[in-house]
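Please go over the structures that come below.
After this come two complexes, each holding chain A, first together with chain B and then together with chain C.
Moving on to the complex of A and B:
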């Protein structure tokens, strides 16, 4: 009897996890923070929202593709993804031999990530939402001034092939969110709103918040090399690009009736 | 229209005249020639297309000779990969073409370079390239910013001859350079540079690691040290020992050697020097100005120099950054091995040895009859006294090469600590201190091929210093006596 009960509970969990991209979410209490770009006085307000605990996995994305055939590799329009889309999959519905079901999905475009989130009533996080959650370490909501926080992220940049590690293998932060640093880069809805021209030393001259240079006068924290790199990678991609080290997770706004 | 042109002519004539008046005649003439060259370079028509030959250091591609200007196709791949910094220490290098420095590009004035930069899909970061040889915004950086798994193509015309640095200029710029993203591009003048016998490619760089110099294992980049400009490694061609031992560059007596030397930085300026050579010619800062008979040439971070010299005598010539602790303690040391006939009229080697005893000095005069007095002096010393005096001698005489704890310097100077070679044969060790040593030896499994000069120490001093060495750093505690030294000296 007990065994059957366990089985039922177990399969219930399985079912929950298997519905595409329908992963567990946690509540993030909004607030204000100072982004990397802009002046010290420039604070950004973040409303309350919910965020996926883990990046979307290979398995979850596989289910999504099965239900939404237009995102199959053979069907995808070249407008929505470049030639590396799901490049390591064996077929439209099979992962590659060395790919881990529980590793984050990568080699997907912004369009694909965006649609996957929308298909479950969610959306991609904004840069500010993502950065707001990701500036936490295990204990503090804003750990950006800590040397070991930056060092941890920089050391990830130096570890090869982390895209094939299982979700939940890096660390759980202050908000109970896993793997913001340590596995893959993640898409944001407005990734191209902070543009880097590619000539990072020149971006200093740009008027809006288009900048990135490490020598930039406008940066609030010149030691935050990790953040500079994230802005650089966001500036280097286009919405149809796919990369081996770039995945995503979804967020959900909280309706505020007051 | 015609009037406009002629009025322009008059204006420019006026400007030129003003310049002539303002500066001395010689200079104006020179700058006018330079101006003419670059104007002509823009007008050079290319004929045909070739693929560029790219080489990893210390090699350079074939000279352009008198080939006409062409469209030159350059394909360069960016790889982020683990490599060896020094024995037992590795580092994640970011590279242009898989080597540090990146592949050498050789072009001529008037070439149209079509440059494709590919960022390997396994890489984590976007990159770009700023070539100092490019006339255009960002030196190509703007046009070449490329995400992992993608490629970008842009083209430029080589207008100014010279040796130029290229590097990555993606934020954080300092970190991309600190991880090895730099190299050299040579733009030869029409007709090429004068022919020489040997050409090599060297580039200095400074590295900042989490652990101190020599700390084992995979070492991460240390941002704080980089900002403080406190380098753990200063090396040629990306690693300690890239140009020593079997990796040394070579030449034969009588040949002219040309070195294309760059400095990637990110921080440190190089005082480039080859011990025992004088540069016959230096293209100062890689440009058109040629200086002659130079001992040490300064190479700025993000700059280069072309140095040329004829090698007249055989031997091993040590290449260093003459900010000398970088050479002996941080790795900025390479070797040029020259083979051939000795020319004693140019360099004699040691002709005669004697004792220098300045008035009031503390040096002991070596007695005419060593057997008489010396033994007596020695017999009074306890082991502790010998070790103490040996330690002082070691610090004065041996320390520079064999280092404070006898650890030596990888690929250059063998260790004395826990040294199998040392412990195996005490008479051999005495002989080496007495007579010097050249040629290959194997110490603790590593091969060394260096030169140790004859040491001008007294027999007592040799006994003391060797006793100190044998009684330190896990060696076999031999107590070397003066009579042992004398036996080796007199006997064989």
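Moving on to the complex of A and C:
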């Protein structure tokens, strides 16, 4: 019985993998959490949602581009991506020599990632959704206070070229989601809500408790230096930027009927 | 035959000279006085360099092509305060002055809106018909067309030159990303956001951004006048 079950799952997985940009998703039970910059009063509640198990791969993105020519490298509008968009591809529909089909797609802009998710009826995760899932380690839903959790992430930041590694080569966390840390950074839908950047510096009530020196001490989670770096990156990129270590995965809301 | 030729030459001369009389404006090449414009040749009073003519955009026709940088490439649909559904490219041919606000805002938005009205006041009547002032809501769930219309009336912004837009959550994010505007929902009905007024030319290309509240809007006004001088 178990074998049949496995076979079915296996073939399902294969089939899913062949469909454009469609990857396997898992269910995330919502809840409340305190974001990096929050205080106890600033708990954020997350509704239930589904998230891609893996980051979107080169292969999946290649399929997406074939079906949506507007995202081909030669067709991309400069409004939607900077010059390094898919820069290492050989052509519009060929990966570069050193690029692995199963490695996460990178060098794509927010616009491209957003559209790829939309085209499958999904969307990019919000920062809060992403952080909520990503604060788990293998065993615990919130491992942010564990030293080895933070060390793992920081040591990844030091490793070069992890974006060339295949998906599923880092670790599977509490929610059965792979590679949130260890391969690439990921786009979020509202990355532009981190109110610190050239544009916003002088004219918004920015998250000063997030970045200034005193802020580090005020932040809820002194250990989570890794998260500071993620927020800093989000605050500094623009939607048309493409980076070789920035990829994405999609999520889907769940309609709650109860 | 010869007579016709002569007449033609004379005619041509007239045309050429009358063109020359057209409003050519000059500017310091180093922009010592920022955007100051002269109506005669001469040298810059600060760096002493010869003033150079600004290529007049009058007479330039609007092409059908949409350039890569143009916001008219966005295909999202928007509800206006009048209950119409439009795409941004329908605004082609006008200078667009855009800002992102939300109507339940108590702090920055009233000042941003005041800034917009201030700018509008400084645009000459004949330019105004080539300019559209657009306020996009960052809170599309609250700001329905009805609400936007009420807001327009309250703030005396119900004229032809004002347009209020409501889009989907995703389209608003996308649009904010084009404008490099950042915003965040702090609680329902309350957002923090960057205060940027953006000017787009008739082709939908970003030509100027003014950041901050109550800042000097001289440059913004100049840019709007410059880009809206297309038709006389």
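In this section, the second predicted complex is superposed on the first by the 221 of 258 C-alpha atoms of A that agree within 3 Å, B and C clash if a C-alpha of one lies under 4 Å from a C-alpha of the other, contacts with A are read in each partner's own complex, and residues count from 1 in each chain.
Note that contacts are C-beta pairs under 8 Å (C-beta built on N, C-alpha and C of every residue); 3 or more make two chains touch, one makes a residue touch a chain.
Worth saying up front: this structure is predicted, and the values here are computed from it rather than measured.
Student: Does chain B (first) or chain C (second) touch A:100, or do both, or does neither?
Tutor: After superposing on A, A:100 lies clear of both chain B and chain C.
Student: When the two structures are overlaid on chain A, which partner does A:231 contact: first (chain B), second (chain C), both, or neither?
Tutor: Only chain B is touched by A:231; chain C is not.
Student: Identify the partner contact of A:110: answer first if only chain B is touched, second if only chain C is, both if each is, neither if none is.
Tutor: Second partner only.
Student: Between chain B (first) and chain C (second), which, if any, makes contact with A:164: first, second, both or neither?
Tutor: Once the two structures are laid over each other on A, A:164 reaches no partner at all.
Student: When the two structures are overlaid on chain A, which partner does A:150 contact: first (chain B), second (chain C), both, or neither?
Tutor: first
Student: Touch test for A:244: chain B only (first), chain C only (second), both, or neither?
Tutor: first
Student: Once the structures are superposed on A, label A:190 by its partner contacts, choosing first (chain B), second (chain C), both or neither.
Tutor: So A:190 only meets chain C here.
Student: If you count the residues of chain A that each partner touches, which comes out higher, chain B or chain C?
Tutor: B
Student: Hey, what residues of chain A end up touching chain B and chain C alike?
Tutor: 197, 199-200, 202
Student: Which residues of chain C touch chain A in the complex?
Tutor: Counting only chain C, the residues touching chain A are 68-71, 73, 108, 170, 173-174, 176-178, 180-185, 192-196, 209, 211-213.
Student: Under the stated contact criterion, what part of chain A meets chain B in this complex?
Tutor: 82, 84, 147, 150-151, 154-155, 157-158, 160-161, 185, 196-202, 212-215, 223, 225, 228-229, 231-233, 235-237, 241-245
Student: Spell out the part of chain B that touches chain A in their complex, as residue ranges.
Tutor: Touch list, chain B to chain A: 80-82, 92, 121-126, 128, 130, 137-138, 141-150, 169-175, 210, 218, 220-221, 223-224, 227.
Student: Going by the contact rule set out above, which residues of chain A touch chain C in the complex?
Tutor: Its residues touching chain C are 77-80, 110-111, 114, 118, 123, 189-190, 192-195, 197, 199-200, 202-206, 238-240.
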